[in-house]
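By written order: A, B, C and D. Residues from 1 in each chain.
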Amino acid sequence: MTNLDIRIRENFDRQAMMQTLGAKLTRVAPGEIEISAPILPLATQQQGFGHAGLTFSIGDSAAGYAALTLLPEDSDVVTSEIKINLLAPAVGDRLIARGRVVRPGKRLIVVLSEVFAVTDGREKQIALMTGTMVPIPKTRG
Amino acid sequence: MTNLDIRIRENFDRQAMMQTLGAKLTRVAPGEIEISAPILPLATQQQGFGHAGLTFSIGDSAAGYAALTLLPEDSDVVTSEIKINLLAPAVGDRLIARGRVVRPGKRLIVVLSEVFAVTDGREKQIALMTGTMVPIPKTRG
Amino acid sequence: MTNLDIRIRENFDRQAMMQTLGAKLTRVAPGEIEISAPILPLATQQQGFGHAGLTFSIGDSAAGYAALTLLPEDSDVVTSEIKINLLAPAVGDRLIARGRVVRPGKRLIVVLSEVFAVTDGREKQIALMTGTMVPIPKTRG
Amino acid sequence: MTNLDIRIRENFDRQAMMQTLGAKLTRVAPGEIEISAPILPLATQQQGFGHAGLTFSIGDSAAGYAALTLLPEDSDVVTSEIKINLLAPAVGDRLIARGRVVRPGKRLIVVLSEVFAVTDGREKQIALMTGTMVPIPKTRG
């Protein structure tokens, strides 16, 4: 693993929400992150599909970590705002969220995330998200 | 409980995500819903605060159920889009999400949700959300 | 006029777009701005209603100036992001946009704008907007 | 010109707002629209840059017409909601908005628009927009 991988994974592993949802970091590259998650029974809505909160959570984390890849080592990042358009129900074998940086910046980082449902190896986009991440100093040793 | 209460609670109880997050329906009124949730260790982000996905999940559900209160009994509702502005970290004794209908409609329902963190009985707003809910036929008996 | 009035009006008068649209600053208070505009034939869309760009423009300016009222004299403000939900067609005698600060801040200011169409003195809400304004140094004397 | 070109241009020519801003339809294809506009002095904000309302207006129209290309001839379209992230000031020789359909649908069409400033032939992205368009019956003969 590269230093970037190690740094992002160490931060990701501290997000209890990602572990609760069964989410894994499946790709780390400068400005780009991929997160994969099953649709666990604990994360469904009233029709048995994945809750919008599941789709949002992995899309938001993918976007946030994409931003973090472009920041100095002593930085962390928080979400300022993010919008999700839901395109189709979260149903299938698992979900994949791909986040990337649209515009880097010192004060604000604009990000985009796309979330896909994978069924029998075929991907269908279920969400489109755009947001703003804000760099903050890292607070944990 | 009124018929409206019963109908909304029956639907809410089927959202496994709400149970996972420890969320409770604390108010049901025509066009208005309140949901309360603790900040469970399983729903935190890397700094130990509530994950944006927690705040989003209860805010989205509050907005969605606010829409559902205004629809016929054989209806259900799905989120079409929703945006969250995060105003402060999700830290405190518990979170409260208050959703309400801004403009009802047959095809689209525009909603607003505000999420607060409660500490020692004092509320601080941590998120502002606006979104669009879409009525769909109820699919489960 | 108070100093605040003078400062906001001086800035508003430099927004050529507001003059093009016939928009007037009708209320200035700390954290709150009201802008009124006719629906000029030059700002319509294909059905003869006000273009979404008209509604957006006055709603965005109302929100931006609401933020500016809370900043030091040597500050200006730019829109980082803003979302508009359109609730009804922009039709009537004139439009009124009311912007206010939801959460002030040094780096980011979260704002909300509501736009109304006025017909025979009765107001109907036509848009709901939430956004983020960013303070910047004032660049013009 | 194809039938699609003619239909879209006929509708575009009825948007007085586009003429006021000097906007031209520069590309029509199924699911994709490009609009080009100068930064006219009448559409500036207080620093002399293009007003957010200019960028929004052409981005919104590009997205809306992209949706319209996929609808039957007797259809029109209105914006339900749209969010804009502003990435850089609207300054340069002219602006180009490129809208495209992300997910078509009978009730809702999810769209994305990117707006660029062109200076000496070089493009710089200044805005990213995502939104929802709603098909409606065409109301004018």
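Observations on the structure shown:
The rule is simple: a contact is a pair of C-beta atoms (placed from the backbone, for glycine too) under 8 Å apart; a residue touches a chain by one contact, two chains touch by 3 or more.
What you are looking at is a predicted structure, and each value in this text was computed from that prediction instead of being measured.
Comparing chain pairs B-C and C-D, the larger number of C-beta contacts belongs to C-D.
Mean C-alpha position of chain C lies 21 Å from that of chain D. Mean C-alpha positions place chain B and chain D at a centre distance of 33 Å. Distance between chain centres (mean CA atoms), chain B to chain C: 29 Å.
Touching of two or more other chains is recorded for residues 80-81, 83, 85, 132 of chain C.
Under the stated contact rule, the graph of chain-to-chain touches is complete, every pair of chains being in contact. For chain D in complex with chain B, the residues that touch the partner chain are 80-81, 83, 107-108, 132, 134.
Residues 11-12, 14-17, 19-21, 41-47, 51-54, 56-57, 60-61, 76, 78-86, 89, 139-140 of chain C are the ones touching chain D in the complex.
Interface residues of chain C, counted against chain B in their complex, comprise 83, 85, 87-88, 102-103, 110, 112, 125, 128, 130-132.
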